[in-house]
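The chains carry the letters A, B, C, D, E, F, G and H, assigned in the order they are written, with residues numbered from 1 in each.
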Amino acid sequence: MELTVYLAGQIHDDWREDVKRLAKEKDLPLHFVGPQTVHDRSDNVGEAILGEQPSGYFKDDAASAINNLRTEVLMKKSDVVIALFGEKYKQWNTAMDASAAVTLGKPLIIVRPEELIHPLKELSNKANVTVETIEQALDVLAYIYE
Amino acid sequence: MELTVYLAGQIHDDWREDVKRLAKEKDLPLHFVGPQTVHDRSDNVGEAILGEQPSGYFKDDAASAINNLRTEVLMKKSDVVIALFGEKYKQWNTAMDASAAVTLGKPLIIVRPEELIHPLKELSNKANVTVETIEQALDVLAYIYE
Amino acid sequence: MELTVYLAGQIHDDWREDVKRLAKEKDLPLHFVGPQTVHDRSDNVGEAILGEQPSGYFKDDAASAINNLRTEVLMKKSDVVIALFGEKYKQWNTAMDASAAVTLGKPLIIVRPEELIHPLKELSNKANVTVETIEQALDVLAYIYE
Amino acid sequence: MELTVYLAGQIHDDWREDVKRLAKEKDLPLHFVGPQTVHDRSDNVGEAILGEQPSGYFKDDAASAINNLRTEVLMKKSDVVIALFGEKYKQWNTAMDASAAVTLGKPLIIVRPEELIHPLKELSNKANVTVETIEQALDVLAYIYE
Amino acid sequence: MELTVYLAGQIHDDWREDVKRLAKEKDLPLHFVGPQTVHDRSDNVGEAILGEQPSGYFKDDAASAINNLRTEVLMKKSDVVIALFGEKYKQWNTAMDASAAVTLGKPLIIVRPEELIHPLKELSNKANVTVETIEQALDVLAYIYE
Amino acid sequence: MELTVYLAGQIHDDWREDVKRLAKEKDLPLHFVGPQTVHDRSDNVGEAILGEQPSGYFKDDAASAINNLRTEVLMKKSDVVIALFGEKYKQWNTAMDASAAVTLGKPLIIVRPEELIHPLKELSNKANVTVETIEQALDVLAYIYE
Amino acid sequence: MELTVYLAGQIHDDWREDVKRLAKEKDLPLHFVGPQTVHDRSDNVGEAILGEQPSGYFKDDAASAINNLRTEVLMKKSDVVIALFGEKYKQWNTAMDASAAVTLGKPLIIVRPEELIHPLKELSNKANVTVETIEQALDVLAYIYE
Amino acid sequence: MELTVYLAGQIHDDWREDVKRLAKEKDLPLHFVGPQTVHDRSDNVGEAILGEQPSGYFKDDAASAINNLRTEVLMKKSDVVIALFGEKYKQWNTAMDASAAVTLGKPLIIVRPEELIHPLKELSNKANVTVETIEQALDVLAYIYE
């Protein structure tokens, strides 16, 4: 039974590649989807498609509309969501995606460092499982196939 | 027609009192609910009710469970949600509540300063209306009654 | 048993007053809600609350966000929706509200002149009842209380 | 990951063929569905299957019932909806389909010329993304696969 | 706690008056709603409001549209549905209302004579409780208040 | 695009075979499912699996539980429902299945002879399309593929 | 803001009276509902209303149908559910009610002694909050009003 | 048509192997999923993935979070749920899974020995079918394919 996993979270490093590599090593039949991970492309996609916008605000709004459409299409196709929070960024859209997953009934695994326990406590309490490393998240997914 | 409004967002200042005062000045039949706003009480409620927990992590988890129950009960009673983001805090639970509101079909107004346009762009795009001041949020609510 | 009725449709004449007068004459316990009916206010509300926008497009987008929030709040409070189409205007937002009503499971009565039978045929087929006059729409509502 | 796209909108020209050609050129794994595009067949299908009807009104009602069944079956199979509005026609059924898509949680892309900004403003505000050309709509879909 | 009870079923005798009398005798805080019970009015309401129709088929369709709107509005307001089947009539609309109640999550009590056990077995199996007399149906409702 | 069609209705003749034959002749990619059509097996399945029951009433209840489970599993897999009513039988379970289909959002085609127009008028009004022959029902399904 | 609280759980002692007394002492605007607490009445209600049944199995089935209808009506009216598990009984219907509450989106508080931590661990993990005493459950409810 | 069946219930013996063997003998196209059946692994999975926990309570909570995630993912993929209750254990999580299945609209078959009729009566009344042996449960599934 193949499962589709949406990888929400920061796009400033390549943690998604680590996830995919681990899944391959464990030979798990997982199919991964997620947001646009080229940061510039993600920020500029609104103007790239719709043309120049009157200001930064409208440039952001145009980009986010297209990013949200992508997320909505792909998350609805998913069976599980992993949301990763790092220490550096505010990542409110990660919190938004994680909360949407819970409200839509998609099982949610949060990955976050120990330092973020306190600010993420309410979201963590809503998630099915909260872990600290990508390896642990994959262990949870692997458990489904045992 | 009375409407119930859930006030999500930071609990570090008394912006909710400003909202209530403005609603009163405008003579709007609004009933406001929201999270526990005494910060210490919010952080400690888990241990206060369930007793001492083994560590900070479990103290946080206990508190957040009770905070989330409160939010869930009150948000389900609400007709509209206002979520306020300030510049200082990460406020991932505000993003969580705002996203849950959208997914549950509760109309959402976001209040955020200009500085947060970029990091909040995806959430802002999902909201019904995004404004910069509490006065504007109340103007939107007042418009429902015109 | 009081019912709340959302009156979707054109805001270029005062048909809603006729509806209310007829309901009063028939002594029906109906409570009516609907969109902003002062046309200028409806078109300008975005800039009035959010400030000047960069162009007509963004002025329209700001206004429609606030108009949609109003509609969403009030339609969710409603038990029945009446959507009136006149001959002059395109009124795509009326079609939008009528279709949203059907999809949300709100019973829908369409009022439209004979001339619009053909272009409205698919929407009319989705409505519970389609009539040609406001009097007939009120007759349908009165029937609920017989 | 193949996606199914419902193409709502006018059936008076062959814009759907342009969409399909562009998708092929971009090598996107998209599967397109939509309404009956032979206009006469769409208008006459009620009488063709159910026999002669007593008047134009009933001929229209019979046709729209069968057109609506087709739309309902195919839209439920879809992952995304594109709704195109042209300048000439009232196309209330396009607005109906677009609004149904939003209410059913199907991501929606609207294509409309600049001239229609004002009358479509509320519907456009509800859509995920609004563009002016078919090329832009395909760019948005292509972005999902980047 | 007052409950609203929809009384689906035949309109050829005055069983609804018996239900109301029994509820009064037992002093139960129940509010009853139901279909139009004047048989001629129910059959003719389509033409009475919409004008003469081309044939019996269209007269029936017009009446049923208005009867269904009434049922939809009132059943959505209800907490419990009682559906009574008698020996004489086919009453497919009673079966339709009972099934809609179950699918909408409205608790359902069926009242039917012993003779109808076999033809009603699938519907009876879907109901919460099936009884043979109006007195028993009221006993079930009274039990909620014990 | 293959569609699954649930064939609700009487099991006293072999109309389902006619449906399948016509679909094959038209070369439509339809997959048909439906209730148990061997009448004795349908009536006796409760005792066959669960053992002898205390009376006819409990024998019927046991059979209907298993018949309803079958219907529920298969209808949820379906994209469209065809419900056929004949002149001879009460077929309340057909009305139940048809109404469940509508409430679950499954498009519904009713097939019924002219004689049943009046008693089926409310259910017919709720269906997407009502026809008189199996050929017409297949024409409607074929139209989806044009 | 008054809240309705469903009190699921054992009916072998009078813990519900303790809950009500504590709520009164704390002056909380809570309205409590729950199952039939007279054990014999709960076990015998099926035969009391429907008449003698063929065996213990059918007596139990008749009683449970009426008990489930009561629970369904009252739980749908509730804003929060408290489920209490004691050490003595299997109380599978309490687990059933608690799980139904979670799945229906009703916030859930479980009360259970320390001895039951292990067998209740999955259900406890699904609840919003798990406590050991009635006093703690009331503290959680009181927190909503702070 | 392949169906996926979730096998809820005790993990203390190998009844699931009997189910699979019987399905194979009957040549039924069924795909079975279920919980972790290695008891120690199920109890220890929390600490195995998340590391040592402060006490038995937190060890149990960590394990149940991961077990519940597995159940949630797999039950959502299922078309039917079989829940088996044995005489020895409390198995509240089985009751929880069975109740979640019913509330989610998944058809449910309960298998339980005669001795458990009374304590399981409310849950049994909510199930589609209740049987006493695994063979009977498979007979019910086989009936879907007749």
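Simple rule for what comes next: a contact is a pair of C-beta atoms (placed from the backbone, for glycine too) under 8 Å apart; a residue touches a chain by one contact, two chains touch by 3 or more.
Since the structure is predicted, the reported quantities are computational estimates derived from the model, not experimental observations.
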| item | value |
| --- | --- |
| Given chain B and chain C, the chains that contact each of them | A |
| Steps needed, at minimum, to go from chain B to chain H via contacts | 1 |
| Copy pair chain C, chain D: interface residue numbering same or different (half cut) | same |
| Comparison of A-B and A-D by number of C-beta pairs in contact, larger one | A-B |
| Listed pair (B-H, C-D or B-C) duplicating the F-H contact set, over half by residue number | B-C |
| Approximate Å spacing (C-alpha centroids) for the pair chain A, chain F | 44 |
| Euclidean distance of C-alpha centroids - chain B vs chain G, Å | 31 |
| Centroid distance [mean C-alpha coordinates] between chain E and chain D, Å | 39 |
| Residues of chain D whose C-beta touches two or more other chains | 65, 68 |
| Full enumeration of touching chain pairs | A-B, A-C, A-D, A-H, B-C, B-G, B-H, C-D, C-E, D-E, D-F, E-F, E-G, F-G, F-H, G-H |
| Complex contacts: residues of chain C adjacent to chain B | 31, 33, 36, 38, 41, 45, 48-50, 65-66, 68-70, 72-74, 76-77 |
| Touch list for chain E against partner chain F, complex | 56-57, 60-61, 63-65, 67-68, 71, 85, 89-93, 95-100, 102-104, 117-126 |
| Contacting residues of chain B [partner chain C, same complex] | 1, 3, 79-80, 105, 107, 109, 128-129, 131, 136, 139-140, 143-144, 146 |
| Chain F partner contacts - residues on chain G that touch it in the complex | 54-55, 58 |
